[in-house]
Amino acid sequence: MIAYWNTYHEKLLTATMQHIELVGMTLTIAILIASGIIMACMHQERVMNGLIYLTSLLYSIPSLALFAILIPLTGLGRTTAIIVLVIYCQYVLLRSFSAGIQEIDPTIIEAAVGMGMTRNQMFRKIQLPLAMSSIIAGIRIAATSTIGIATIAATINAGGLGTVLFDGLRTFSVVKLLWGTVLSMLLCLFVNVILYLLENALRRRFA
Amino acid sequence: MLVNDILQYFQENFSQYLIYVYQHLGLSIQAIGISCLIAIPLGYISHKHRKLSQMITLSSQALRIIPSLAVLFLLISFIGVGRAPALIALVLLGIPPILVNTTVGFLEVPAVMIETGKGLGMTDWELLKRVKIPMAFPFVMTGVKLALVEIISSATLATYIGAGGLGTLIFTGLGLNRMDLLLIGGVSVAMIAFTTSIFLDYIIKRSIN
Amino acid sequence: MEQTAIEFKNVTKLYGEGETKAVDDISFEIKEGEFITVLGSSGSGKTTTLKMINRLIREDGGHITFFGEDISEMNEVDLRRKIGYVVQQIGLFPHMTVAQNIATVPELLKWDKQEIQARIKELLELVQLDPEVFADRKPKQLSGGQQQRVGVARALAANPKVMLLDEPFGAVDAITRLQLQNELQKIHKELGDKTFVLVTHDINEAFKLGTRVLIMDKGKICQFDTPREIMRNPKTEFVADLIATVKEQEAFWSELK
Amino acid sequence: GGNDSSTENTVIRVGSKDFTENLVISEIYALALEDAGYDVERIPNIASSVVHTSITNDEIDLYPEYTGTGLLVVLEMEMETDPQKVYDTIKAEYDEQFDLTWLDYAEANDSAGLVIKTSVAEKYGIETVSDLQEHASELRFASQGEFDQREDGLPGLTKAYGEFNWKSSTVYDNSLKYEVLKNDEADVAPAYTTEGQLTDKEEFTVLVDDKKFWPPYNLAPVIRNEVLKENPDIAEILNNISSTLDTETVTGLNAKVDVDGEEYEAVAKEYFDSIK
Amino acid sequence: MEQTAIEFKNVTKLYGEGETKAVDDISFEIKEGEFITVLGSSGSGKTTTLKMINRLIREDGGHITFFGEDISEMNEVDLRRKIGYVVQQIGLFPHMTVAQNIATVPELLKWDKQEIQARIKELLELVQLDPEVFADRKPKQLSGGQQQRVGVARALAANPKVMLLDEPFGAVDAITRLQLQNELQKIHKELGDKTFVLVTHDINEAFKLGTRVLIMDKGKICQFDTPREIMRNPKTEFVADLIATVKEQEAFWSELK
């Protein structure tokens, strides 16, 4: 394995970089969309729960099937991969964002309203800080599952660590399979560490 | 054009299509069955032993960061190709969610309920049957649902290693750039995942009310 | 002659590494047919004492007898089936209907189906709930007071000799509570030979319901006597303080008259 | 390595399909171009089904293609078995329809075919596809999804040889078929005649296409006319490569990757250095 | 002369499709400086009534005025900042310290930093918590009674004219409760012109604290008068029943003497 790394680290690193790009773009877009939805629907619990259920159903669709359905529309390649991955993230993100906000003890919200906070003040001073750990947890799960599913995106020419895995399958090389696995696991751990640090920093700021 | 292709496919290959559906469902159901048989008793045992339950949570978290694709592929190197390794891989993927949820389900049975059951004079077995199992059921089912979704999903990939199923249509579609096959495969798998999901949600809801 | 229903002889219960003495070498005797209330502030050892009677908690020292028999030598499942048990959080099984909840112990005892049905009806009437209306409801479709009534009915189902009640009215509002107290007292009187042991930290409740009141503080028994005797001769400072607050309250009411 | 000081700073985008042979050959093309001073961008692993679209969409400049594929799959024309005729046809059509040029084709012919376990072949006395068709009901087929649908796959084969009533037919990823045969989970599989594993004759036998069903699949670079016009010397560079590639050579290169487990880049480099 | 702090004119609140009348056409008037207690059993509409005052709930009919001004015409954020609000479950913000909790409204009002610090100290002393010890603790590091005190301090922070308290002592045990009641009464007296409206279902609490008691049943007002007047002339059967249980309790205690 080490020998393989010594010779082909460039190739592995390229795949990893592609993977990071894929996951990074997905998460950025997904978080933006989820935040937008949450902002818009935060006060309509019904709509929110409906949306979460809908996305949970989408989430249950195998990625390969979603790729297949989208290819006639958006073709092979990164665009399709990112669209699918963003769809998957929505469920995890929406659920954890809204759980974070809805799980706040209603008496705390009531106390805040009763004290004369505006919606905006309440969001900034109460809801956001109290939902923070749940939000970060959601992002963590989304990142983890995106890193996993993104490997499948190699089937539709989106690059990334999946290419290493499929390459390993093609040439029947355990070394490559292991490298593909190890690198995606390392990526996961890396993202988890970053989010952990972020969470700590935020916690220190808010509390 | 595309509609015609799809209709034509069904006219010519309907029995083949049914075989794919049958293979996909068969593999998934078998995998979920075995997963349940292993994970539910294990989950029950682990809720009684703190150490064990911590270990299980930890290792299933570790497993979660391995892409399921990698699990599937790595397994061939150790047990070869075909239906058996596919089944093993799917069971491996199905176990963690059931295990974790079963453990949580039994742990979440409120202490008051257990105490009340005991206070009413239930034996351990009666307590399990009348209180713990019914109260943990929704959690267990949630685990089963997550596992099944994962399994149906990965069963699509299992086509790569010779397990058949609807993934075949998708791969062939990808290989030949045939939109009709892609759509038939993709939509069929989506529908199966969808209905299973809705069906299990219904069971979970009903068991709560 | 009156029989001894429950007896504690030098019973002690330790928690942790023995640092906390939840119950500290207590001895007392309860006769059949009494309505005992156990009064004390939070953490005084009331619940621990109660749960040692049906062996949900094991004593670390001393002996407890149930109608003369040492409970450590009895089969605990059998013991518990002879004892009705009601807790503050009520503990109704949420997945069962009211009728199924009440039928729990009779079913464990494999009573005949019709007998069970008849018993459910009888008990619901006893606790003033219309069987037609309530038998098939789930617990969460009931108000707090109604749930508490079902809890009592369930505990009474198999005709236990002894009823243990741990703050049974803790979760209901003060006005409903007064009502439930009256009902419980009535039930105790109607059933005649049943022994009730009720834990509470409400002085009014303890003194109103108890034929004798067992006052606990820090794991020890301060006094165990009839309400009248306690009012007249408080034995410890703690009891005297309690009595003082009651007197203050009483003074306030008579002033209003 | 790049060649930044080069006056001609055109970057040539060399694509490849997603299997070993195509990867190796395209890497050899890339090395040759770099050696001649071009900057090369490699775009490997393009799904076979879209590689043609990629080049017509100006996403790549050239890639290795097979004459038979051009004829049957891309142009969807009638079957033809003479290599030169096939080449002449597609060269003209590509130029006219897609503005693409087929450079010289190599002698290497990566024809489609069927592979059978040697032991099974001996047991039933199967040497040709016709023999196979007769015994199909006793044999397990390890297909890949595409083969069952493609005109130069099972449907065409059926027209030429008659129905194949396999005892069973299971789809595997193309790369697994030799493993499947080795593990005795199937007896017959589709093959490409240059695949490295076929060097093991004791294990695998390629059946004779006795009815001449499959067209020739000679290897040749397809390149965008525009690029070729600007850099006319590319033709010579790549033609020089093609002239060295015969079936045996290509099979050997494939075997190094698929049997010996070397990396395709390394194999390509070694080969290029040897012919330079 | 005494000013009218709060007035309800024919106020109604419906829930669902109008099946439930949580509050049914009620009218009453509260003067500045009064300590009003609202008494009723669970579901009688007490909370609904209280929350309509600070517009956490909107009335479906009638008018509510706050110091003469119709609250439906006031900016609701401004209105709420003039009203202190304490709920049973306390609702302290768990991510803020005691000091930050108390500072919430002054900060919304953009008070000067030093002013806020001084106010925190003053209030903690008022509710008998040592600022040195408690200012920097998080709510979960406090006992129930201490949390409740912080809740009161927070509600008082910006010197509101009116304080609304919804079962503020619901979560603490009976003995601590007596203590907190006394403290609250003292605070009301010390602050002089503040109007307190406190919801409870504890008769003792309602009659002890209220200068006037508003008794509700099924969304209607049964009686609204001084404790003494209610005791002497209960106006409805429900009130008479309540008084009867109190008298019974009192009789029981004096009998014990």
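Per-chain residue numbering starts at 1, and chain names A, B, C, D and E are given in the order in which the chains are listed.
Please note the rule applied: a residue touches a chain if its C-beta (ideal position, glycine included) is under 8 Å from a C-beta of that chain, and two chains touch if they have at least 3 such contacts.
Note that the structure is a prediction, hence the values are computed from the model and not measured.
Number of steps on the shortest path from subunit B to subunit C, with steps defined by chain touch: 1.
Shared contact partners of subunit C and subunit E, listed by label: none present. The leading chain pair by number of C-beta pairs in contact is A-B.
Comparing the CA-atom centres of all chains against that of subunit B, the greatest distance is found for E.
At the far end from subunit A, in terms of centres built from Cα atoms, lies C.
In whole angstrom, the spacing between the mean C-alpha positions of subunit A and subunit E is 46. Rounded to a whole number, the gap between the C-alpha centres of subunit A and subunit B is 21 angstrom.
Taking each chain's centre as the mean of its C-alpha atoms, subunit A lies 39 Å from subunit D. Residues of subunit B in contact with two or more other chains: 76, 160, 171, 174.
Among all residues of subunit C, none touch two or more other chains.
Among the residues of subunit A, those in touch with two or more other chains are 156, 169, 172. Each chain pair that touches appears in this list: A-B, A-D, A-E, B-C, B-D, C-E. Taken together, the subunit B residues at the contact with subunit D in this complex read 76, 80-82, 159-162, 164, 168-169, 171-172, 174-178, 181.
Residue ranges of subunit D in contact with subunit B, taken from their complex: 47-50, 53, 142, 144-146, 148-150, 170-173, 176, 179-180, 183, 185.
By the touch criterion given at the top, residues 53, 56-57, 59-69, 71-72, 144-145, 147-149, 151-152, 155-156, 161-162, 165, 168-169, 172, 174, 177-178, 180-181, 184-185, 188-189 of subunit A touch subunit B in their complex.
Across the complex, subunit C meets subunit B through its residues 54, 56, 77-83, 85, 87, 89, 91, 93-95, 104-105, 108, 138, 154-155, 164. Remark: subunit A residues 105, 107-108, 110-118, 121, 125-126, 129-130, 206-207 touch subunit E in the complex.
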